[in-house]
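Several structures are given next for inspection.
Heads up, the next two complexes both have chain A, just with different partners, chain B and then chain C.
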Partner chain A sequence: MARRTAIVGVGQTFHRSRRPDVHIGELCAEAVKAALEDAEIHVRDIQAFVTGNMELFEGRYVQDMWLADWIGAVGKPGIRVTTGGTTGGTLASVAFELVASGLYDLVLAVGFEKQFEGDTRAGLKTVADPLWIRWQTTGAIGYFSRQARYYMKETGAPEEAGAMVRVRLAAHARNNPHAHLRLDLESVEEVLKSPYLIPPLRQLDMCPTSEGACAIVVASEERAARMARRPVWVKDWTSVHKEAIYVRGGRHSVADLEMAASRLFRRNGIQKPMEEISVAEIYAPSTWAELEWLEAYGFCEKGTAWRLEEKGVFYWNREFPVNPSGGVVCTNPIGATGLIRVAEVALQLRGDAGPRQISRKPTLGFSSAWGGSGWTVAHLLSSSKD
Partner chain B sequence: MKTREPLQVLGRLYVPYANWVGETTSQFLCELRDKRRLRGTGCSECGKVFMPPRSVCPTCLASLETWVDLPTTGLLMTYTSVHYSFGREYQPMDPPYLLGIIRLDGADTGLCHFLGETSFEELRVGMKVEAVFKENREGNILDIAYFRPIKAAS
Partner chain C sequence: MRVGIVSVAQTPFRAYPQWRSHELTYLAVEEALRRAGLPFREGYDEIVTCSSDHWDGKTLSDIEHGEVSGAHLGPGEEKVSMDGANAVLLGFIKILSGHAEVVLVTAACKEMDVLDPSVIENFGFDVPFQQSLGLDFTQAAALQAVRFMHRYGLKREDFAEVVVESRNRAKTNPFLSMEGDLSLEEILGADLLAYPITRLDRRPPRDGACALVLAKEDRARQLTDRPVWIKGVGSCYEPHNLGDRDLSEPQALILAAKDACVMAGIEDPARGVDLFEISEHFSYQQLLWIEGLGLCPRGRSGELLRSGKFDRTGDLPVNPSGGLLGGVPRYVAGANRVIEAFYQLRGEAGARAVESEPKVALAHGTYGPAGQHHCVILLERGF
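Now for the complex of A and B:
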């Protein structure tokens, strides 16, 4: 990064299927106020704003036009970010760039979604190429059902593997007061009673649709030195774009995830990611995606994630904590989801994650966002400046 | 290769929505519907009274929890006449119609609404107007049918 950049405040709302108590502006104000409070600053201190969500999910476009009025951004520079599922991750990236470039010393990013308010099918349809793809798409469930089947076939993982992931995430979510689904799932058997959406994908394997928002405050090194909270340093970030259908040659592909993580690790000298990275908050919309993508990121060998899951190493109090927040499978307000990953890693690196604080001493954290069918944003955050 | 015939992909998307208006606006709309009452919210930090009511001050982000009763009368800040037809599904009624921004007495901000029982020629910036409510109200800002000029007592 051109200048050292740090996260100095994070805030999020509580997340539910429906938040009729607030409209979109009020929801964002809730997250922004929480982040400002955490950073112990006034909104007037913020020099620029980055806002974003999934286009059309509430039947609205260009929401930043009126949103400025609800987050204290009137008259200030701002950028709207709408990169689909990766929006939350890109929001963080843009805020980092605005500070790293030297343009601003204090920037706020806020992501949100109120999924219940619109017909998400309409929004998702606009994503796909109208000639070649739009007419055949049916949303995320079909995609992740196929992904689950592929993973099982390739690795020999039994149906119980996905259920084990779900039990872990439920245990994590119960530690997180912000999580949407805080279910008392204690056993694999309970998860396997969940109905199929499309076999082998069960309802409990898949993320919910949530309404909620998340915000972070990003500061320059100089400004971070004068902030109330211990800064969490932005080590690096990257993104990979591709539309899967054109490049995968008809086969299932996780090339975007592989490229993003390997690039990030290579240029930061990380050779053994699972040893060198203390915590990962990954954007995986289903239990099976979590297993396959841990492998794609290079945290473990192909076909071994479900074996490690069996041994319990991904629990928050074990060797390699994955999604100690409960992850996307427990909370998914799309435009905020990627930013929640960043905020949760920041809390972990600060040591402020409360009951979900990992046991391992946190030094380096990995967060990711994913969207479309082949778009990855990944961040590396650090508790130390260098 | 020469383009013989430029082709298009045709389609139409259906985009329904049901946006929650939130607790503050819900309370305002219920009182408008049930009691024909208009209320704003006040910011104790900057002293402003917002109409339409807000739950968050746009300047200082303070929570606005104080309700302020407002009369149904106000001043016409500006107005216009709509003649252009944009498509019935995108307009509340067929043109021509009159629109104005009204600042209710005691409020600091303006509300955009229809003007009725008047003509473009009769309208003046700064004239006193009052709300005329619909008989059948549904909890929508259009439960006010329109604002009309207050005629001097004859």
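Now for the complex of A and C:
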């Protein structure tokens, strides 16, 4: 990397299934304002802006045009990246690149989604190739019910495993004032009462559709030294795609997740990820995905994640905290979701996560975003410069 | 660190009713990689695609564009959903950041499949105020053209002259499909879309794709002995509310060009740059952008255009390629400007080559209503 970069401010809105109190511009302004306040700077200090969301979900076009006024980008450089579910992760990557390039010292990235203004499922249905598979698509639920069935079959995990994940995430979300679903789920039995969407996937296993936004401020090393907050250093980032034509035919694959994590760990000399990494905020749209993907990232052996879940290892106050924010299953404003992962890890590494602060001393954090036809963007953040 | 463009490719721009947009991307990718001597999926670390879900009629249009660029379990891919010049800019940033050494950039659009672009464009305006007025980008442009005319006493003939020139030049460009001659009268008499813009004042829709391979200095020299360096970049937003802007003052272009020039160490583009490839989506924009770039005193671009100053043989050649009015798809537009500048600097522009053997060129892309966002890229011959 040409220059060291650091996250020096994070902010997010509160998330709900509907936010009729604000329009898209106001929603983003809310997150930007929070990030600027956290960084203790004025918007005029920002030198470049990165924006993104799901292009079609609000039924709007070139949304950065309207947003320019609301996020303070008028008269400034800006770039818009829209990579589907990974958008939030890509926003962070591009902000890191803009600063690392040496062209800008202070960059703001903002991601958002206001799903109730459009039709998410209609938008999602057009992901599928119109020539081959659009007629048989069922949105995200179809994919993740198949994934759940596959995981159960491969690992022998009982139906309770997904419910255990849900109970943990509910406990985490109750600690997080920003979370969308802060449910009083205390037991596996309560989760198993939830209706099936497509068996074995239950309503409570799946992420909600949320409206909300998230923003981060990224600074160069020199600039970070003069900022109010303790900088969270960016160690590395990567993105891996798995393209549609290769996943056609129903063969299940997590190769994108495996490749992204192993690339990051190899490049940064991480041998035992679960010991060396203190906190993980992973983009898993369902409880079952969370189990399988922890294995795919290499945090634990294949087929063991649900056993570890049984032992409670992934709770925020235990050995390996996973999604102490409550994760995607509790909050999912798509274009912001990946960025929320990065922001939450940054808060944990700073020690500013409040009631959801992990007990373990945070040194290294992992965040990921997932989307597309099986794409992963992953980041490695550190509390120390080296 | 220097970053160079080592190879480029583009499809001819016309209607491709039997092709899908990513198939066009593949044609460009295959050729750009072949020219750089790179195998598919290997030898490049990152991919930047540029496409629009709206114009592709598909969420995540980069699934396909990434696929045909080699993204499957290979180089990382990111999609810029702006004008194509910004995809080149992001590719450049990725290399400068040290996160990639070689980047493949693609842009594609099949806009001839879209029956009524104004429906999509209308959704590009803010919900509370401008969208409900029923504005589209042509109407926003018309307001800008009228303000420009009013401020400097320009006439519709000044703009029509740009169309005549562009179409003449387009005939020398094998990538464009522009035939026949048009007289000033025919242009002025064409269907009026929104005063003063006629059907012929507007960039005609086309299908097509392009690709570029960017590399950091040492890799660039390995891949080609005739690299073109990216010397400076700049981009900028203007306010969204048309009423908040003086539409005859292209502020974002002025600031973006200033950033790019400072980075490249050029004090005055009129003296330090030999060739300009700019994005005019409407005829008046060529004149307005020329003035915004400071190539002539305000309000005089029309008269200087007639004097031949901006001709292929003039002292400040602007759009010898025929420009966007010659028919270049949106999204591809800005990336195509970079590619045309690349051809000129390498001496590969054929019949449209300028005579001065240019060393420095400026490529420009714009998108949004009345040029709300501009991107400027300065290139230099590296051999």
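What we mean here is this: the second predicted complex is superposed on the first by the 379 of 386 C-alpha atoms of A that agree within 3 Å, B and C clash if a C-alpha of one lies under 4 Å from a C-alpha of the other, contacts with A are read in each partner's own complex, and residues count from 1 in each chain.
As a convention for this text, contacts are C-beta pairs under 8 Å (C-beta built on N, C-alpha and C of every residue); 3 or more make two chains touch, one makes a residue touch a chain.
All values reported here derive from a predicted model rather than from experimental measurement.
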item: Partner chain(s) touched by A:G118 [first = chain B, second = chain C, both, neither]; value: first
item: Touched partner set for A:Y143, first chain B, second chain C, both or neither; value: neither
item: Touched partner set for A:K33, first chain B, second chain C, both or neither; value: first
item: Chain B versus chain C as contact partner of A:F366, first or second or both or neither; value: neither
item: Superposition-derived comparison: chain B or chain C, residues of chain A touched; value: C
item: A:W316 touches, of chain B and chain C: first, second, both or neither?; value: neither
item: Touched partner set for A:V43, first chain B, second chain C, both or neither; value: first
item: Contacts of A:I24 with chain B and chain C, given as first, second, both or neither; value: both
item: First, second, both or neither for A:T126, with chain B first and chain C second; value: both
item: Overlapping contact positions on chain A, where the chain C interface meets the chain B interface; value: 23-25, 56, 59-60, 69, 74, 126, 130-131
item: Residues on chain C engaged by chain A in the complex (per definition of touch); value: 1, 20, 52-54, 57-60, 62-64, 66-67, 71-74, 76-82, 86, 89-90, 93-94, 96-99, 120-128, 233-241, 244, 251-252, 255-256, 259, 263, 367-369, 372-373
item: Residue ranges of chain A in contact with chain C within the complex; value: 1-3, 23-25, 49, 54-57, 59-66, 68-69, 73-84, 90, 93-94, 96-103, 123-124, 126-127, 129-131, 237-246, 255-256, 259, 371-373, 375, 377
item: Residue ranges of chain A in contact with chain B within the complex; value: 18-26, 29, 32-33, 36, 42-44, 56, 58-60, 69-72, 74, 114, 116-119, 122, 125-126, 130-131, 134
item: Footprint of chain A on chain B - complex, ascending; value: 9, 11, 13-25, 55-56, 58-61
